[in-house]
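Listed after this line are the structures, all set down as structure tokens.
After this come two complexes, each holding subunit A, first together with subunit B and then together with subunit C.
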Partner chain A sequence: MSKVYIIFASLLILVAFGLVLLPDTEHEDQIPPEALLKEIMNQSRFLSADLIAARIIDEDPSIMLVDVRTAEAYNSYSLPGAINIPLKETLDEEWQPYLNQRGVDVVFFSNGDLFADQAWILCSRLGYKNLYVMEGGLNQWFTQIMQPTVPPDTSPNEDFDLYSFRKAASIYFGGGAPAQSTQDIKGENIQIIRREKKTATAGGC
Partner chain B sequence: MGPLIPLDIIPEQWNNVIAVIIGMAFGFIMEGSGFSSSRKIVGLFYGYDFTVLRVFFTATVTTAIGLYYFSYLGWIDMSLVYIHPTYLTAAIVGGLIMGVGFVAGGYCPGTSLIGAAIGRIDGMVFTLGLMIGIFFFSEGFSIFEGLYNGGFMGYITITEYFNISSQLFIFLFTVVAVAAFYFTTLIRRRVKQVNY
Partner chain C sequence: MKELTKTRRLTIASVIFVFILVIGFVTFRSPDFVYKLSTKATLEELTNPANIVSPVEAREMINGTKSGAVMIDLRNTYDYNKGTLFGAINIPVSDIMEKEVIEMFDDWQMQSKTVILFAEDQQAANAPWMILRQLGYSNMKVLSGGYAIAMDQYTNGIIDSTDYQYNGERPVMDFAGFIQKMSGGEVVKPNPGPAQIEPIKRKKKSVTAGGC
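Coming up: the complex of A and B.
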């Protein structure tokens, strides 16, 4: 038997024995703090209320709204189609299939940004993908979508387009947006001009 | 960091492309090791050539040791590595059929394709037989279904089943492999040499 074989065989056994001596290690499968900080600094996770309203109206199936407020708050008011995962239950086993998935954008929202963003950070640390936060939460939802304000006259056309979208969305979501047209029709007396009744033709022609 | 595809480091769409590339490399190395010759393969049964045993034992041991060192260094998450499910009855029956076919035909499915690819007639005949077998199995699947799904034990490994440490098992397996290398050398010396 050649020496090369003996050397290689001993090496193999030695390396395999080394494996037995290795201490057990528990590897943290969470993302390192540097990477998390980089993700937190990236603002692209914030979706505007307008964008979300448009996606709800379009019945976009690739969006999942997650209300991170308490169950009482969720029951009293929430966005249409939203599911309720209170912040303190974020890590519960039963919610993981909802949060950890591909193909659907998970959008967290609360009254403001804070709780939704905390849920976002927790899930990001778990390495979940496609996570978003609704910018400004339900407060912004109310000021922008449910009760939109008329832009000043000097605003560019885009603002008026956005305003008319918000008004339409407000009606869609059952808000109290003024449903009148933008043209001011106050102060004009509309004169109703009635046509005079024609007298019936009498006699033959 | 690994496994690369389940963790999306390599997109899932590349799965098949990578499979083809690895398959080509696998076929190339098998051919290079002489596995396109049915006489070399059945040499394992008749005791005049133990290349098959050596190649596969070395491959298994190297991979197992490598993977567990990778796991120790945090390069791969072993919990995400795919484990083929165990169907015990199907495995035993299939193993017997495969063993008989191996000795009788001189090829296993992969090597028969390699033999056919380099133009060996026995390889082509074996591949044809393979296709006929697949056809009858597929057509008669309703008959074989009970056997096919028989003895399902889930995604289980030997170390989990016997509740021993994987590292210890790999060490013992390595010792067995090296012992097998040694004893097959002894056997080969006693068996009449075959020229092929």
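Coming up: the complex of A and C.
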């Protein structure tokens, strides 16, 4: 009888050693590559500059802008309220509480959208949620919002609404404003007036 | 008699135990895809200029003296049919982890063939490249600028093999100067407001994971 036990015991020990040799594939913190592929194909991570401008103007507390450019570029100019996490430091320990959180939408931006997207992919692999990329980056911000082009006369009303919003936003963010101290610009005397939607009188039969 | 049942129970229990473990080993399936690169290593790869190929270099690698590279068009089939670069193979982004495609990638890696990925712009090719790079394909490169800029260079004959800045990251203007000029005042230095941090509390790992 004891022989049987010895055999079983040694079997168990063998199997236990086998367990040790199992490949370490459990990455609790990371999403699998297949899921990451699905994430990158989802274009909803891109937020338009208009949307972000509106949220900054509304002083939306649930948005956190992250400038992934170098500290030098950040110190020269950045969007109001943005924090600077250079792409190279994305994985540094000190920034993780900012990037890995709930309740706040983290919006990466750079001059274009490549570097911001790279930061987005790195953080998404780590399973962080609520991450976004500003579409077109600062280049698009400056060409679209800071220097809005007047739509042609034949454009639909929405285009004019968008234009007047961008014009107002460009004043809010400092471009196109008359000579004023920046204090005034940031004050309450500027209001973004959104046009009320006109009732669709043209519609019915 | 009592002694006998006791030992039999023990035997049955241990047999079942071993049996379950054996089944576990047999049915253990390793995941199809595993990251070969850590996030830190990936971050370093992002700044490695060897991973970016300029349009002119790409032409060299396909047609010229350094031929032997493979071009992969990551755009959708509709755009691909309208025109592509150097007889590139069309693999839409959604298909890059299909079994047949991965087999192809494995072959090319075995033959240490350079694979150049491109899409409409560099940013669209970057994301699939990052995934494949993290899966361990070190022979993959990204076409700087993408299809539109490459076509423009080939047709208009702009040759600038040293410029890698087709990625849209070059500022279109002096932002600070623009703001200063328009506002007539000083540029507001970015002042990060108090960022609310709501840290995610990690689930406590069970104590048993710790060993002795």
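As a convention for this text, the second predicted complex is superposed on the first by the 147 of 205 C-alpha atoms of A that agree within 3 Å, B and C clash if a C-alpha of one lies under 4 Å from a C-alpha of the other, contacts with A are read in each partner's own complex, and residues count from 1 in each chain.
Everything below uses one rule, namely that contacts are C-beta pairs under 8 Å (C-beta built on N, C-alpha and C of every residue); 3 or more make two chains touch, one makes a residue touch a chain.
What you see is a predicted model; the values in this text were computed from it and never measured.
Novice: So, A:17: does it touch subunit B (first), subunit C (second), both, or neither?
Specialist: Touch partner of A:17: subunit B, not subunit C.
Novice: Have a look and say if subunit B or subunit C is in touch with more residues of subunit A.
Specialist: The partner that reaches more residues of subunit A in the superposed model: C.
Novice: So, does A:143 touch the first partner subunit B, the second partner subunit C, both, or neither?
Specialist: Touch status of A:143: second partner only.
Novice: Is A:91 contacted by the first partner subunit B, the second partner subunit C, both or neither?
Specialist: second
Novice: Should A:101 be classified as contacting the first partner (subunit B), the second (subunit C), both, or neither?
Specialist: So A:101 only meets subunit C here.
Novice: Using the touch definition from the top, say if A:114 reaches subunit B (first), subunit C (second), both or neither.
Specialist: Second partner only.
Novice: Of the partners subunit B and subunit C, which touch A:41 in the superposed model: first, second, both, neither?
Specialist: second
Novice: Once the complexes are superposed, what residues of subunit A are shared between the subunit B interface and the subunit C interface?
Specialist: Common interface on subunit A, subunit B vs subunit C: 1, 5, 12, 15, 22, 25, 27.
Novice: Flag every residue of subunit B that touches subunit A in the complex, lowest number first.
Specialist: That would be residues 8, 61, 65, 68-69, 72, 74, 77, 165, 167-168, 170-171, 173-175, 177-178, 181-182, 185 of subunit B.
Novice: Can you list the subunit A residues touching subunit B in their complex?
Specialist: Going by the criterion above, the answer is residues 1, 5, 9, 12-13, 15-17, 19-20, 22, 25, 27, 29, 129.
Novice: Under the touch definition given earlier, write down the residues of subunit A that touch subunit C in their complex.
Specialist: Per the touch definition, subunit A meets subunit C at residues 1, 4-5, 8, 11-12, 15, 18, 22-23, 25, 27, 30, 32-34, 36-37, 40-41, 61, 64, 67, 73-84, 87-88, 90-91, 97-98, 100-104, 110-115, 117-118, 121-122, 125-126, 137-139, 142-143, 146, 173-182, 185-186.
Novice: Which residues of subunit C touch subunit A once you look at their complex with the stated criterion?
Specialist: Residue positions touching the partner: 7, 10-11, 14-15, 17-18, 21-22, 25, 28, 30-35, 39-40, 42-43, 46-47, 93-94, 96-97, 122-123, 126-128, 130-131, 134-135, 167-173, 175-176, 178-179, 182-193, 195-200.
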